[in-house]
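Encoded as C-alpha cells, here's the structure I'll be asking about.
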C-alpha cells in the first residue's frame, strides 16, 4: 500500500490563504467531473482529446507568461528561474505533450491549427493581462491554480479510493502529475509565492490577490468544462 | 418609409477585407439569435439583463484598451483621440449605461460586484493582450468587431422587416446604436483602421490581422451566447 | 512678508521615507545649480530655452505614464483619476506650455521636431518601464520626484532669501509651481502614494521602491544638468 | 595578410535602408573616439573599465528585451529563437563577461551594485519601451544598432590600418566581435529584420522605424561617450 501524497501548501503561507479564501471556486476546479472521470476512467475519450488539443494551445501562452515573468523580475536569480521555466515549456514540455498526443492519434499540425476555445482564451489572456497590469506577484498568483492545482488534482486522484489505474486510459496523465518531479515544480511555485509575498507585500495585498486567484480558479474549472462539453 | 442605413465599411479598405476574410465568424456574431431576439422583441428579459451586467464589466476593460491605445500612439493627435475615447467611456458612456440599467432595475453596485463571465473575460483580455503583444494596429483590429459591429447590427435590425420597434423593450438599444452619433463613432474606427493600415503596413500584415479579427468576432458571438444561455 | 510654504510630505508616509532614503540624490536634484540659477535669475536664457524644449517632449511621455496608470488601475475611481491627469496634461498643460514657450520665442513645431536629449529619454523611458515591469505603486513612485519635486523646488525658492522675483525672467516658472493649484496636485500625489502603500504593500516593498525613487531623482538631476550643459 | 571582413547588411534590405537613413548618427556611433581608442590601444583603461561595468548592467536589460520578444512572438519558432537568445545572454554571455571583467580586476559584486549611468538607463529603457509600445519589429529595430553595430565596429577595426592588435589591451574585445561566431549572431539579426519587414509591413512603416533606429544609434554613441567621459 502507498503512503498518501501530502498537501504541497505551506501552512499559513500565501498559497494556503488564497486557496482557503477561494475555496468554492477551487473545489469546483480540482473536483470537477472531468477530473473524476479521469480518475475512474469514465471520461469519454473525445473529451480528453479535445482537452489535449486545447492544452497544447494553452502551453504556448503559458510559456509567454514565463517570458513576462523574466521581463518583470528585478534580479538575475528570478530572471534565470523564469527563463528556465520558459525553456522547459518550449523545449521539453511541449515535446512531451506532442509525443503523448501522438499516442492519442493527434498530430502536432492538427493542434497548431485548431481554433482556440473561449475557455482557453479566457484563462491564458487573463494570466498575461494580470502580468502586465500588475507585478510579478500578481502574475504568479494567476499562474498558481494551474501549476499547483494539477499536482493537487493528481495527488487527490492517487489518494482517492474511487480511482482505478489498471486499464485506465488516463493513468499516465495522473501518474505524470503525481510524480515527484512534477510535485517539485508545484512546490517551487508555492515557495515562490511565499517569497514574493514577503518581498512584494503579499499579505497587505491579500484582497486583490484573492480576486485574481479566485478568477483563475474559475477559469481553470471552465477549462475542464470546455473539455467535458467539447466546447468552442 | 425610411431610407436603408448604408454599410459603414470603406470598399477595399482594411475593415472590409477583414470582415470578408472572417465572414463565417462575423455572421455568427452579427446575426446571432440574441440579436434577432432583440429585433423582434422575443429575447427573454433575463438574458438581456444578464448581458447588461456583463456589458458594464466589459466597458471598464474597453476603457483600459483605449488607455493602452494612448500609451501606444506615436503622435499627439492619436494620443488625444485615444484619451478622448477613454474619457467618453469612463465619464459618459458608463454613466448612460448605469442610467439605462437602472431603468431595467439593475443597480450599479450589483454590476460592480457581479462575477465576470468567461465570455467577458475572454474577449476583454484578448483585446488587451493583443494591444500589448502587438502594436496600435493590432489593438484597433481587436477592438473593431465591437465598435463597428454594434453599428452594423443596429443598422441591420433597422433595415430588417422582421424587426418591430413598437412595444419592443429593446427598441432603445437598437435606436441608440443606429443613431447618427454612434454611427459616426463606428465610422471613425473604420477610418482609423484605414489610416493605420497605411502607416503601419496593414496590408502586408493581413494574415496576422485576420487571425485577430476572426478571433475577436468569435469572442463577440460568445458574448451574445453567454447572454442567451445566462452563462457564467 | 509671506509665510513659509510648508513641506508637502506626510510625516512617516511613504514619500517622506523615500525622500529620506534617497536624500543625497534628492538634494542633488532639488538644489541643482539650474534651480539656484532660476532663483536668483542668473541662469543663462539659452539653458532655460533648452530645458523648455525638452520639457515639451517630456510632457508627452508623462501623459503616456498616466495612460499606463489608467490601464493598471484596478478600480474605476483610480482609472478616472488617471484619465483626468492624462487629459489635463494633453489638453491643458501642454497648451499652457506651448503658450509659455511662445513667450520665450519657441514655436510648437520647433519643439515637436527637436531631437530628444539623452536625459529626457532616460527619465521618461525609465518611468514607463517601471510602470510595465512593476505595478501601479512602482509607476507612481517613479513619477513622484517629478510631480512632488517641482512643488518642493518652487517652495524652497520662494522661501530662500537668495531668490529674487523682481526682474527675474524665471519668476513666472517659480510662481506657477509654488501656486496653491499646483501644490494641490503634488499633495494629491503624496496622498496617492500613501494610499497605494497601504493597498499594495508599500512598506514591505520599501527597498525596491527606494531603488526606483533614487534612480528617478538622479534622472531628474540629470535633466537639470542637461539644461545647464545644453546637452544632447 | 587577411581578407577584409565584408559588410553584414543585405543590399536593399531593411537594415541597410535604416543605416543609410540614419547615417550621421550611425557614424557617430561606430566611429566614436572610444572605438578608435580601442583600435589603436590609446583608450585610457579607466574608460574601458567604466564601460565594462555599465555593459554588465546593460546585458541584464538586453536579456529582458529578448524576454519581451518571446512574449511578443506570434509563432513557436520565433518564441524559441527569442528564448534561446535570452538563455544565451543569461547563462553564457554574462558568464563570459564576468570572467573577462575579472581579468580586468572587476568583480561581479562591484558590477551588480554599481549605479546605472544615465546613458545605460537611456538606451536600455528606450529599447524596452519600444518593445511594449510597438510590435516585434519595433523592438528588433531598436536592438539592431547594438547587435549588428558591434560586429560592424569590430570588422572596421580589423580592416583599418590604424588598428594594432599586438600589445593592445583591447585586442581580445575586437577579436571577439570580429569572430565568425559573433558575426553569425549579427547576420541573423539582419535576416530577422528582413523577415519581419516582410511579415509586419516594414517598408510601409519605414519613417517610424527610422526614428527608432536613429534614436537607438544616438543612444549607442552616448554609451561610448559615457565610457570616455567616465559619465554617471
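Residue numbering begins at 1 within each chain, and the chains themselves are lettered A, B, C and D in the order written.
Keep in mind that, in the parts below, a contact is a pair of C-beta atoms (placed from the backbone, for glycine too) under 8 Å apart; a residue touches a chain by one contact, two chains touch by 3 or more.
Fair warning: this is a prediction, and the values are worked out from it, not measured in the lab.
J.: Going by C-alpha centroids, which chain is farthest from chain C? Tell me that one.
T.: Taking each chain's C-alpha mean as its centre, the farthest from chain C is A.
J.: Same or different interface residues for chain B and chain C, judged by whether over half of the residue numbers are used by both?
T.: same
J.: How many angstrom lie between the CA centroids of chain B and chain D, rounded to a whole number?
T.: 43
J.: If you average the CA atoms of chain A and of chain D, how far apart do the two points sit, in angstrom?
T.: Chain centroid spacing, chain A to chain D, equals 38 Å.
J.: Which integer distance in Å separates the CA centroid of chain C from that of chain D?
T.: Inter-chain centre distance comes to 32 Å.
J.: If I count partner chains per residue in chain B, which residues reach a count of at least 2?
T.: Answer for chain B, listing residues that touch two or more other chains: 71, 128, 132.
J.: Using the touch definition up top, name the residues of chain C that touch chain A in the complex.
T.: Counting only chain C, the residues touching chain A are 71-72, 74, 132-135, 138, 198-205, 208.
J.: In the complex, go through chain A and note every residue touching chain D.
T.: 60, 63-64, 67-68, 70-71, 76, 79-80, 82-83, 86-87, 90-91, 94, 128
J.: Going by the contact rule at the top, pick out the chain D residues touching chain C in the complex.
T.: 115-116, 118-119, 121-122, 125-126, 128-129, 132, 215, 218-219, 222, 232
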